[in-house]
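Structures incoming, each one as structure tokens.
Each of the next two complexes has subunit A plus one more chain, namely subunit B in the first and subunit C in the second.
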Partner chain A sequence: MSSIDRRSSGELSASQKIRSSAVQALQQMSGGGRAYSFRRRRVMSMLIVLAVLAAVTVVAAWMHTALLHSGVMTGWMLMSCLVLLILIGVRRRIPVLPLGTMSTWTQVHIYSGAFSIGVFLLHVPAIMSGQFIASGYLEGSLSVLFWFVSGSGVYGIIASRRLPWRLTQVGEQVRMDQIPWHREQLSLAVTREIHTLTNPSAIAVIGEFHRRYLNPYFIRKPSLLYLAMPSSLRRRRVLAGLVELNRYLEDEGCRASGRLAALVRRRDDLDYQYALQLRLRVWVMLHSTASIMLVVLAIIHGLLAMRFVES
Partner chain B sequence: MAQLDSINVHRPRRWDEPLDPLMTDGDVDWLLARMPFAALDAKQFPKSIPLEGVLKNDCRLHRFSPGQVIVREGDYANSAFLVLDGNAELVTRALPPEQLGRRDIEKQSWPATLWKFLRPSGVREARAPHDVTPDVEIHDRASTEAENHESAGDSQPTLFLQDFAGLVRAGQTVRLVAGELFGEVATMLRGPHGATVVAGENATLLEIRLQGLKMLQSDTAFAQRMEDHYREHWLAIHLREIPLLRFVPESNLRNVVEHTQLRSFGRLQWNADYAKTRKLSPAEQIASEPIVAREGHQVTDLIVVRSGFGRVCQSYGAAQRTTAYLGKGQVFGLEEITLSIIGSPSTSTAPLPLQHSLHAVGFLDTLHIPVECFAREVLPHIRRSELPPSAADAMLHGTSTTTKRERRGTARTTDDPVLPTTHKLDVQTKTWDDLPSPTGTSFEPTGLLEFIVQNRYNNGKQAMIIDLHRCTRCDDCVKACADVHDGNPRFARIGNHHERLQFVQACMHCTDPVCMIGCPTGALHRDEATGLVRVSENICIGCGVCANGCPYDNIEMVAVADPKGRPYVDDKNKPITKATKCDMCSGLPSGPACVNACPHDALVRIDLSESPPLEDWLRRRT
Partner chain C sequence: MSRSSADREQLDLPSPARLQYPGKRYQCGHAPGARKNSGPTPCPLGPTATGECPLARLCQSDASASDTKKQLTPCRPIATWAGRRRRFTVAVLLVFALALVAIFGTPLTPHVVKPGELSSAHALILTGDLTIGSCTVCHGNVSAESWLAMREAGHVSDSESHTMTQRCVACHHNHIPENLATSAHNLTAESRVAILDQRHEILRSVQATTSSIQTVSLSRGAARDWIPPAAISADAVACSVCHREHHGSEADLKTIADARCQTCHSQKFGSFADSHPEFSNWPIATQPAIAFDHARHAKIHFPKTAETAGAASVSYDCRACHAVPGASVTSSLTDPIVTTLPFEIACAACHDESLKVQIATGPALIELPILPIEVAQQIESWPAAATGSPDGTLSLWMLLLLQAEDPASDFTNMADLSRVDWRSPQNQAMAVRLATAIRQFSIKLSLDGQTYLRTAARKAGADEPTATAFARSFPTQLMRDAVAEWFGKPNPQAADGFASRSPRVAASKFDDSDLLVADAASDEDDLLLDFSGIDSDDALSNEPAEVDWEAEIHARFDAARSQSLGGWYRDDLTLSVRYRGSGHGDAVLRSLIEITTRFIDRRSEESHALLKSQTATAACIACHTRLPWRVSDTHANIRDRLTRFSHRPHLDIAALQNCQHCHTESTDISTVGSEIAGSLPQAHSDFHPLTKAACAHCHTPQAAGDHCTTCHRYHVGDVHANTTTASSVEPVR
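For the complex of A and B:
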């Protein structure tokens, strides 16, 4: 088809089609044309990080060929990034001053972290040859800490997006500090339920089940294994046990068993909320503690390295 | 079945607690001999609520000293005042807050804020002495008026305006003489007083509380007098505030004022029913609401919301579904009226019936502009860009009076404010995102709208919403709030939630702040500059009326102590309590600490009185 025919028919050429589909894909990816969405912010920030990293790589390569210490430049860059990354903790503790929102600081933190991983690869070229942990006590510890902090940071991004979603799906929205009180209330509700039983068979059957399984389930705190990897195994076993009891119970007992099953589910939901909220808090603690250690070790490493460079 | 014993109790009655227990039959007779009560027809009052009863129980006689403040500008009104004797002066200029007994919150400097933050008192609800007692001259009104009678309920502090004589000499006051009523518009609309009124010489006034004022309107002459007064002094001002009418010439506006009808629907004290009605299902709630205009009926008036809230519904299957909600200044029926007048291409010349119903949510006060009057006086002065799209389109392509000049004008009017109308959700493109999701990841517009209306969150100007899909439950928002308030958080991360949105129990700085209704001192007031509802703690007497009145339980009464931990007590050794609530960190240089402290963009303070801010915020969450 000639260009004149295409123009009269309004059909696009192959190159125009490719260009328009590329623009469309980019717009869709970045959320362009709409309000400044999170997706658009993500894409734009990542593009900026990649562009700056590419520029730093070019400069480092040029310095290397010019027999300059590119490691000094990347080292200072890393140190600056680490200081910037750790400043978020300072901002978090001073809410009274107009130092920008924590949301902005978090974005800067995330993308500075991504940038510092790239700079770290430039700073330690041995990683490219498969040596992730440096030799020597100081440098080895430093690289272990760096990878731990970076890994926990990446985990943090995923966890802070996925865990809230999981928390929202489960039961009531309970504050972590109130969970022990809610647990106690559930335990009391179970005891009350047992005490209201009047049918002798129900008292015997449910009473024994309460003594052997329900009471320990409601009194004990969740195990460390559950806190690390919460699962529905305990709940399913207790519920299966309660269902099994139904064949030995009259109507009243069956209804009581149903109410107890609802309490078991609520307790499991509480434990699940507790485990996930605890995980988010433990993660912040580990990440921030390791970050401080990393900065301290990085300063020592910097001082030693600068003495070597100067000599 | 054994019959249970019954317990005889006194059934509460309307006037068990009169406004002023000191009102005597002699006072009532004296009032009945004076205008306007002498002209009232007692037969028009129901037998259970006679005129004498209204005067005795819903009114209070005041004798004010010269310079004594009767009502303060900005205070939310509970009562109207009738000048019986002497005179009162209405101050025509805004007075500084300090002169009215309010302490203006100044933005603290960075160093001062940081110093305070680093040196917390460590005491729960610590206050400096000047925050506990007022710095204005306070007298006990009850003791000055009736020294021999002890009445705990009347011990309201009063305020004298300094240099009152100077204001009068400077001509900055308007004299109100015997027979004049003021404060009735603010009372009926539950709005703030527009001006401060100060007592002149020998001022004797009758305070008429809202309930009494409504009863006095049973007399058609009195009601007419009030309506005339409103029509004469206020209606034109209120109409002019409506964006749609801002280009209407003065002469046309006078005709609109003449033809506009005033109507009220629902119950003014909607907060009393709130706890009950919020538990109803949406269908039951919609069915229980008074209907202002019904879908399918011919449109007769343009309805303008003067105060309160309206729910816009549309029939869907066997029930009604909410498509929008309206607040103060918003209009209903504009699209139908315009299309009926201009003539829609799809409906030919037949008038378009109402496409939606309008229900009163709690209480709704409306202005009704008849169609003929609207077509003649208003429509020619409305810009096309301000009309609903279908009406604007009909105007452009229809047979009516569109000119080239008008068409050129459409491009220039893109900066005009978008007027809220009811049509928006009709033309909204339906996508799969609109359907309810079993995982709760999307927002079904009707469900969210109904949730907001059902819980009256549309009253909130600064509602706190948390996106639970991004909130890591770190409580940094609460900690930041506590840090900036000397260790006393002004909210807890609790509240109702709809799908992934949690509506947190923090003061929403409402459009209709019902908490202010009963405040006897005006300590709870709306800041003119920011629109925030604030507590002037130095004049808060700790009565708790606001905390009980807030339907959302967002105000807490706390016992205060000095920075050393010693509790403040009165002469009867009772603790001094103050109302506390979210103040939007208005004294801080950083703004609301809760929003600034959220690292995951999960928390927002948002205006729910209209839907676009929430829609925009939700749209960004992708």
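For the complex of A and C:
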């Protein structure tokens, strides 16, 4: 098709199609043309981080070529990033001061963290050749801590977005410090339900089941395996047992069995919430503790490096 | 199973109590969830910050408060999540702090703070038994007491003022001059400027002779144009700028990016093939250590020898002189391929006989010149054989040794006595001084022998080994006999302890004529009687064993026949003590040449002319145009040191095993030959210069590599011209 025919028909050429699709993809990615959405903010922030990293890379390469120690520059930059990153903990503990919203601090924390990973790669070029952990004890500990904190930070970004969504899927959200009380109430409710039974066969069947399965399930805390990887296996096993009881029960017993099943599900939801909330809290605890250790080791490393660097 | 809230049954469960302390570290032991079963009402006050129940204190202080006690029972507070988290954090940080204190407070500190393993070369030295764990060998700034146990662990020295670079040079002083250690290329600013000017001149000449395309490629904008200028001073380049340690045993400390090399250079280059300047004169036309004319040997000498000998095996082959099978590179600069094989292997087949003939007429250590009578009369016991029409030349050795003995006397004008204007009173006085000096030198040499000769040689500029080797070869007994023959027996009444030589001359001075008669009768007559009998027998018989001993004794000593293997001898005809060379590499002749070159000037025309005036030494310097006898890296010039080349890896390529693939000989043999036959050989090359294209064919980034350091060195400072005074840094034990 000639260009005149194409122009008359309004059809785009191949290069025009490619250009158009690229512009669309860029607009979709950056959220251009729309309100300043969360996605657009994220894309723009990452672009800024990448641009600054590119500039730092150029400066580091320039310094290295000019026979300067670019490691000194990237080291100070990394130290500044670490201090900025750890300041979010200070901000959280001093909410009364007008230091900006926690949301802003979180955003700064996330993108400073991403930036510091890039600077760390510039500071330790051996990583590019596959040596992720330095060989010296101090440097090795420092790199292990850095990767741990960075990894936990990346996990934190994912977890802080995935876990709240999963928690809302299990109904009413319970404060973690109240979960033991809720467990106790569920256990009492099960006991009351057993005590309300009047039919002897139901008492015998459900009572025996309560003694062997229900009571341990409601009394015990969830296992460490469940806390690490919560699953519905335990709940399904107990519920399957209750369903099996129905053929031995009359109507009253079946109704009681249904209420017990509801309590089992509630208890499992409670454990699920506990596991996820615990995961978030443990992550914060490990991340913050490791961050403090990282800053301390980084300061020691900086003192040593500045003491031994000659030019 | 889905966890959707839609499946959840509505259960009638109580709401949690509102009294909670989530932000506090402890909560009441009666709080919901803190107890197993329902019990007392939780305390509205809550536990204290330290985890104490306030009711417990209240109960202890006021036991009669029964009403309160009925409603509120003391509890055992339990930790909240915040409390547990704080405990965990504090415990972990406490362990961490203790670990740090333990590390930095014990001798483990150096092992912990060491950022990585040393390179294998340094590790071999620094982690050995002698210097185990000694950081101070390289780091002097580990100094403060705050470094806790580092001092006790032997990681702090007293010489803390030394920089790391100085500590590097303390070991590497054989390659890096101390005073120029931090200067770029270990050269002075003046040397760098001189090289820069030379480079610019070469570049201009190359650009003028090559095509315009290449000129464009040198100046066209490229990535190399973005290379920044050096941010540090060219006179403050510490070792650590380029060499970074503690990167593991496999790390190559000498690796450096091309851009870092070029940051100091005003002319930036890209790849070797595209933008490196054309070679101006490579291989370098230097003054050769051995004046070997490749072109004349290839085109004249070898064909002529082959024609004369009728042997086809006599062919010009580079490997006959240069190939060293199995040799390893022993020097950073000396290439075994370039280094020639010994004379005995490479040259003796053609040159040994002629060399022996040339060095047969050995130089004289002492030679009495023939002086005019009026001069001889002023000297005590000057031999009559050395009196007469002035003649004779001063031996080179003698001239040097006498001049060294008395620097105020310059006997150069008396070197050839036949050309001296004897009408001049100054010359006559100088001749008297010369003869007196020769006489005194001979007498002292006959008395003190080798010790005196060694001292004289040292004064003449010979180093200790040369002087010792020279003196050791000299037989003192020979000199004693010569002095007794020339100047007579020792006489205490004489001014210098020696009487006149000739008994007949002495007889006129002696009062006791009987002694003379007795001596003459007893000595000469007996000898005549004895030898006359032998002579008559020899005339009758033709047996070769019967020698005319008298004629032999009185005949001139034939060194060629009686001393064919070389050594010192006395020649009574020329009244001299001479040396006959033993062949190539004769130590005495070598010492004579070394004394000459050191005493006068190593490369001056004067020393060259002096050496050429003597047949034996002329034979030596015909090939050995300059000292040292063999090329060593210690005398390489800056350009030699800046560029390196080793034939060894190139010979792995089959095509390059033919030397003439790269080295095409110059066809102008007359020019080269005339230079060598001239007074002092000039720098020249027998081969056409190599072109860059010959190297660029293989030296690409994908093949043999084209980094700057592939062919160029950085450390080119002359350590011999700048001797170091750095003392090695000993670790603290």
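Couple of notes before you dig in:
Assume the second predicted complex is superposed on the first by the 289 of 311 C-alpha atoms of A that agree within 3 Å, B and C clash if a C-alpha of one lies under 4 Å from a C-alpha of the other, contacts with A are read in each partner's own complex, and residues count from 1 in each chain.
The definition used in the following text is that contacts are C-beta pairs under 8 Å (C-beta built on N, C-alpha and C of every residue); 3 or more make two chains touch, one makes a residue touch a chain.
In this text, all values refer to a predicted model and were calculated from it rather than measured experimentally.
Superposition note: with subunit A as the common reference, subunit B and subunit C can be accommodated side by side. Residue contacts after overlaying the shared chain place A:281 against subunit B and subunit C alike.
Rounded to the nearest 10, the angle at the Cα centre of subunit A between subunit B and subunit C in the chain-A superposition is 140°. Of the two partner chains placed by the overlay, neither subunit B nor subunit C lies in contact with A:14.
In the superposition on chain A, A:175 contacts both subunit B and subunit C. Residue contacts after overlaying the shared chain place A:183 against subunit C, while subunit B stays out of touching range.
Residue contacts after overlaying the shared chain place A:39 against subunit B, while subunit C stays out of touching range. When the two complexes are overlaid on their common chain A, residue A:128 makes contact with neither subunit B nor subunit C. Among subunit B and subunit C, the chain that touches a larger number of residues in subunit A is C. Judged by the touch definition given at the top, the superposed model places A:98 against subunit B, while subunit C stays out of reach. Here the smallest spacing between CA atoms of subunit B and those of subunit C, following superposition, is 6 Å.
When the two complexes are laid over each other on chain A, subunit A has residues 169, 175-176, 281 in contact with both subunit B and subunit C.
Taken in their complex, subunit C has these residues touching subunit A: 1, 3-5, 7-9, 11, 13-14, 16-17, 20, 22, 27, 31-34, 36, 80-81, 85, 88-89, 92-93, 96, 100, 111-117, 139, 141-142, 163-165, 227-232, 236-242, 246-248, 257, 259-260, 263-264. Across the complex, subunit B is touched by residues 31, 34-39, 92, 94-103, 105-106, 160-161, 163-165, 167-169, 173, 175-176, 277, 280-281, 284 of subunit A. Listed in rising order, the residues of subunit A touching subunit C in the complex are 62-68, 126, 134-139, 166, 169-172, 175-186, 189, 232, 235-236, 259, 262-263, 265-266, 269, 272, 281, 285, 288-289, 292-293, 296, 300, 304, 307-311. Residues of subunit B touching subunit A in their complex: 110, 113-114, 116-117, 439-441, 468-476, 479-480, 483-484, 492-494, 497, 500, 502, 588-591, 593, 595-602, 616, 619-622.
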